[in-house]
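First the structure, in the form of structure tokens, and then the observations on it.
Lettered A, B, C, D, E and F in written order, each chain numbered from 1.
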Amino acid sequence: MRIQLLNPNTCAAMTEQMTLVARDVALSDTQIIASTAQHGPVSIESARDEAIAGAALLDEIQWAKEQGVDAHIIACFGDPSLSAAREVADAPVIGIAQAAFHFASLISYRFAVVTTMRRTIATAQELLSRYGFSQQCSGVYASDIPVLALEDLSSHYQQLLFSDCQKAIDDGAEAIVLGCAGMATLCQSLQDKFQIPVIDGVVCAVKLAESLNALQLKAAKRGQYAAAYPKLFTGRYQHWCDR
Amino acid sequence: MRIQLLNPNTCAAMTEQMTLVARDVALSDTQIIASTAQHGPVSIESARDEAIAGAALLDEIQWAKEQGVDAHIIACFGDPSLSAAREVADAPVIGIAQAAFHFASLISYRFAVVTTMRRTIATAQELLSRYGFSQQCSGVYASDIPVLALEDLSSHYQQLLFSDCQKAIDDGAEAIVLGCAGMATLCQSLQDKFQIPVIDGVVCAVKLAESLNALQLKAAKRGQYAAAYPKLFTGRYQHWCDR
Amino acid sequence: MRIQLLNPNTCAAMTEQMTLVARDVALSDTQIIASTAQHGPVSIESARDEAIAGAALLDEIQWAKEQGVDAHIIACFGDPSLSAAREVADAPVIGIAQAAFHFASLISYRFAVVTTMRRTIATAQELLSRYGFSQQCSGVYASDIPVLALEDLSSHYQQLLFSDCQKAIDDGAEAIVLGCAGMATLCQSLQDKFQIPVIDGVVCAVKLAESLNALQLKAAKRGQYAAAYPKLFTGRYQHWCDR
Amino acid sequence: MRIQLLNPNTCAAMTEQMTLVARDVALSDTQIIASTAQHGPVSIESARDEAIAGAALLDEIQWAKEQGVDAHIIACFGDPSLSAAREVADAPVIGIAQAAFHFASLISYRFAVVTTMRRTIATAQELLSRYGFSQQCSGVYASDIPVLALEDLSSHYQQLLFSDCQKAIDDGAEAIVLGCAGMATLCQSLQDKFQIPVIDGVVCAVKLAESLNALQLKAAKRGQYAAAYPKLFTGRYQHWCDR
Amino acid sequence: MRIQLLNPNTCAAMTEQMTLVARDVALSDTQIIASTAQHGPVSIESARDEAIAGAALLDEIQWAKEQGVDAHIIACFGDPSLSAAREVADAPVIGIAQAAFHFASLISYRFAVVTTMRRTIATAQELLSRYGFSQQCSGVYASDIPVLALEDLSSHYQQLLFSDCQKAIDDGAEAIVLGCAGMATLCQSLQDKFQIPVIDGVVCAVKLAESLNALQLKAAKRGQYAAAYPKLFTGRYQHWCDR
Amino acid sequence: MRIQLLNPNTCAAMTEQMTLVARDVALSDTQIIASTAQHGPVSIESARDEAIAGAALLDEIQWAKEQGVDAHIIACFGDPSLSAAREVADAPVIGIAQAAFHFASLISYRFAVVTTMRRTIATAQELLSRYGFSQQCSGVYASDIPVLALEDLSSHYQQLLFSDCQKAIDDGAEAIVLGCAGMATLCQSLQDKFQIPVIDGVVCAVKLAESLNALQLKAAKRGQYAAAYPKLFTGRYQHWCDR
């Protein structure tokens, strides 16, 4: 099968890193097709960033749909524009936050989310609420670690991250969800250090996409995620007119 | 005071219509500054439309901020990109759905929302939930009336709309919120016909903006709506780099 | 227009103070008609006080209704007897807690309530829940400051109040709602000191009343707030028989 | 033990009827002390009635407290002024709605409430929500049967009542709570007719009061229900000053 | 009347102790019939224990049903297998947690639960949620006191218990529910020490059973608690085939 | 990897059928180890059945744990004794209802559950609530089809099932979850007939088990699912003493 791994920010280095992580867990006959947004912010850490990133994200979904991929993964922890992508796509679209929450709820009674910027705590809480996992989350933790700093984790930011993980465990977390696609490479070392399951959404999403494919479960395209009506788009989005 | 009335779709005719409605209720020293998105869909009726409209909406917010307006109104019933606009703006940003719900909850025990496309029912329900008005809403009704058809309301669509209003009242609604900025001109005739309060969000938002100004209540710019960090934007959004 | 500003306790000094505050923000053609309950407790700080104040509050609503006012404001933060007043009145009735919560939710993501007596914390939480603002409130704070002490704020009570505000901000509040009509005069100085929006319900209610009037939005008198049936009242309430 | 059975409306005939019902289930050493409000509406069917009845209700609670009763029952299905009564009283205060809901939830998975006036449906739903029984209630039914018509139940109103009970059962109710103190005498005949448990709050409250007494469980007078501070009351409530 | 007091663990000493407590509050014509599970764990402190105890618990319910008892009490704070017991029984079945919560909510605004093992905190919270009492509970406290240690309360465990009670009160509890059937004998001394109501579920359940009997309220056997269909049971449960 | 597929009822034919279904979707290096409860009901359709089945279910979990399996699947839609199994097991334990809900929520906005016995509707609703999927479920449907009748689906029961599916779709379901392990073989034909995704929990659980294994995600054994303390078990469960 072919899975689009879509990084909705414009940082190609992050796409590459995530692609390696994804390929590492994929089945041998799974092809990971990496996409990076062509326009927009270099990282998504606020509602402004998410709103600006929306159209370019859908451009990539549309492109991959035309390639006939079997599933799309939106590889940003806020699951930006997930509903819109599901309208545009024919194949299932999976957000990495949703994917991580699903696995966390399968293996623990209460899990924590440890993320980067304090501002994104509210975003994570809204996602937990929308997906129904609020009750199963023991807390969301963040210490203003910039997303791009994750690529070169200095000891200062590392200490902040360790401290958040420890606080989560002290508060009763039995597993930890990493709240940023850029944290995927830290997963194993945190698991080793804290001896509880640490969950990265990118690899979870890959396995869910493969599972849907194996089970021949298609995306529901009747109702809320039916294709939107064609209409007039103007200016820099006029290429959406004939879709 | 100066209020930006921002139509986030690209239909200038709808902007004009709303501007007339807004000016009609504005105080004599209130200046309504109309804005229309320069890029994007001609109407916003799906998650796809909302996602594509995001960046152009923020462009208009940014422009008005530079003009020093005292308040911004996002004049589309889904309150698209409201959080993002609040990050970008310094002045208060008001969504017309939120505004309409506020007034509806002041004058009735249970109100209904009557909107256009069935697909937007879920959007309205999510807004009601986010703002805390779910308990006070007796139902959301829609009969697949295209937004742009509202400008020239044929008897067919009119009958659908009348039928939804009647159903809402039969189900216990004591007031009706109109779920589309394009319905503003229908407000009075529906009120006359059904003899219950009918509420349009555009004019509600104007009065809330004027009220905030009179009370000298500024937008909270500490916490969730603080300005986002400057960062690199690429491609067609690179003008956001230096903001 | 004419707005009844109704103080449901019997402390005329508090009515006067609130009336000044209200007139200060009112439009030039708005007439504030002050009413003070003729019977009952000198302040409302418990469920007992609220229950005893009920009938006299409705007497004042009835009187103002007969004067033909365009809106009523119940100027006590617990919004006592709000539903009953809405049954009795023909014009809209606005509680100052509800009014303050509405404006707070427009300009912030999370607001706090800082009030007087610890016992009223539960009342405030029940109001937040009834109106749907629980999620948007970051906390309710009180330090047993007697309502009547607010008129002559000694440095001791002032310190308690400052301390509650600071605690609210430290806990994440982006704006503060003052939980007592008697706090209206402190609004500006707290805003100056803490540099976040501080919201008094009395002035909010005035602007909402004016807005409803400008929008010609009447109270819904069909359904839950329809006039109650005439019936026999005995004893000291027999004047209610012929209403 | 001595239980005050307090009818908060001024209809002495209803008090007498309820007292007979209460005595019928009371233990031999339980004394039922009937009280009728001295001032106020002859029946309580709206928020207006409830607000006006508040002070006279507390007068009766105060009187019984001075007599040293062991428990108070507020015998009106809306449980009016329950919190206020708990502040004033030293002994436990039980509302008949709460009492009925408790027993209904013990013997069924889902129960219905069948009451009198449509307007009181919302009151019943708010009580269910406040006490935590919303999930266990399959529906609230009413057909605008005046409370006082219950004393002389014509075949017209009887048919309405039967029809509501049947509808409740068809919707899945496994037991029925009667939503009015005046319905107590109908309990047995409805149970016989519909062959499911039919629950009247008055007798439930008597047994709960006796149970609390047998278990020597006192009312919590620390915290929310602590005695309110003495304060100045004026006008027709000045007798509350020295309490 | 005859009440089965069923201890679902196999510790006969605990049954005896509870039976004494129950008889102490029972009416003179109430017969307490004590039952102890014949198979299973000696105490129920985990989901494993509860699952293993299920079938033997139902055996005892079935036996008592054949004896024609008028009510069953499941005397373990987790209310294990309550729904199953209600299916099997013809008479009402009362869990002691549910019974205790009911009385706690009648006499206080906020109550705490103080229990034994930390692991059972989640169980208690799930019960509070299922029965609708979450809002009325100020907290659940536990300090890993083994159930069987309660019989011989050393000063160490006593200190842990005292400390939990004090913490609950400091956090705002107005009454305390004891979260273990084995704590019944501690009720009075804790009440004396802390001067707030302390509630044991066993005696509450006895009074509720007597109340249902006095009111002639039967268990609803239509709907969710109707008798399950007869079916084939194999192995050590084949005696259930012919029931 | 090795997955235990545990049928907690004693019907070996159903186990065989599910095993075929499971093997059909399993990866080539996945070994499905089928287990059937040795004691208990031949089908699980009520709380009684679930309670009696508990201990034998745990016996099978314990046996498979001793074999060193990598995951356990409880193949009964009520997810009976899931928490207990997680305490006993070292490897992850997956319930088929939970598994089906997860996949349904990934591919649709609103899904329905179509199950067998009306009595189990409440069970399904409680599971949806516990897992957090209530909001995403458009309804639970059942028409009293006996579980064992599924093996030989007569046209009568088939019509009932078809009718429930159609009703679910008319009510807005975008996907259907089959609410019984015995329905797995019907999945494809229903999907073909109704042209929307139809989801069987058994195969979903297999893919989730394989995914956890591929991601090396272990069960959280700290906190709520930690191993329960060893203790004395008597009678027919004394083999649990030394575990």
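To be clear about the criterion, contacts are C-beta pairs under 8 Å (C-beta built on N, C-alpha and C of every residue); 3 or more make two chains touch, one makes a residue touch a chain.
Heads up on the chains, UniProt names are A, B, C, D, E, F = Allantoin racemase.
Here the structure is a predicted model, which is why all the values come from computation and not from measurement.
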item: Chain D (Allantoin racemase) against chain C (Allantoin racemase), contact positions shared by both copies (same if over half, else different); value: same
item: Approximate Å spacing (C-alpha centroids) for the pair chain D (Allantoin racemase), chain E (Allantoin racemase); value: 28
item: Distance from the mean Cα position of chain E (Allantoin racemase) to that of chain C (Allantoin racemase), given in whole angstrom; value: 45
item: Chain C (Allantoin racemase) and chain F (Allantoin racemase), separation of their C-alpha mean positions in angstrom; value: 54
item: Chain A (Allantoin racemase), residues touching no fewer than two other chains; value: 83, 109, 122, 224
item: Starting from chain E (Allantoin racemase), with chain F (Allantoin racemase) taken as the next chain, the full ring order; value: E, F, A, B, C, D
item: Touching residues on chain C (Allantoin racemase), where the partner in the complex is chain B (Allantoin racemase); value: 25, 27, 83, 92, 94, 98, 102-103, 105-111, 131-136, 172, 174-175, 196-197, 199, 203-204, 207-208, 210-212, 214-215, 217-220, 222-225
item: Chain B (Allantoin racemase) residues touching chain A (Allantoin racemase) - in the complex, by the definition given at the top; value: 10, 38-43, 45-52, 54-58, 81, 83-84, 86-88, 119, 122, 224, 226, 228-229, 231-237, 240
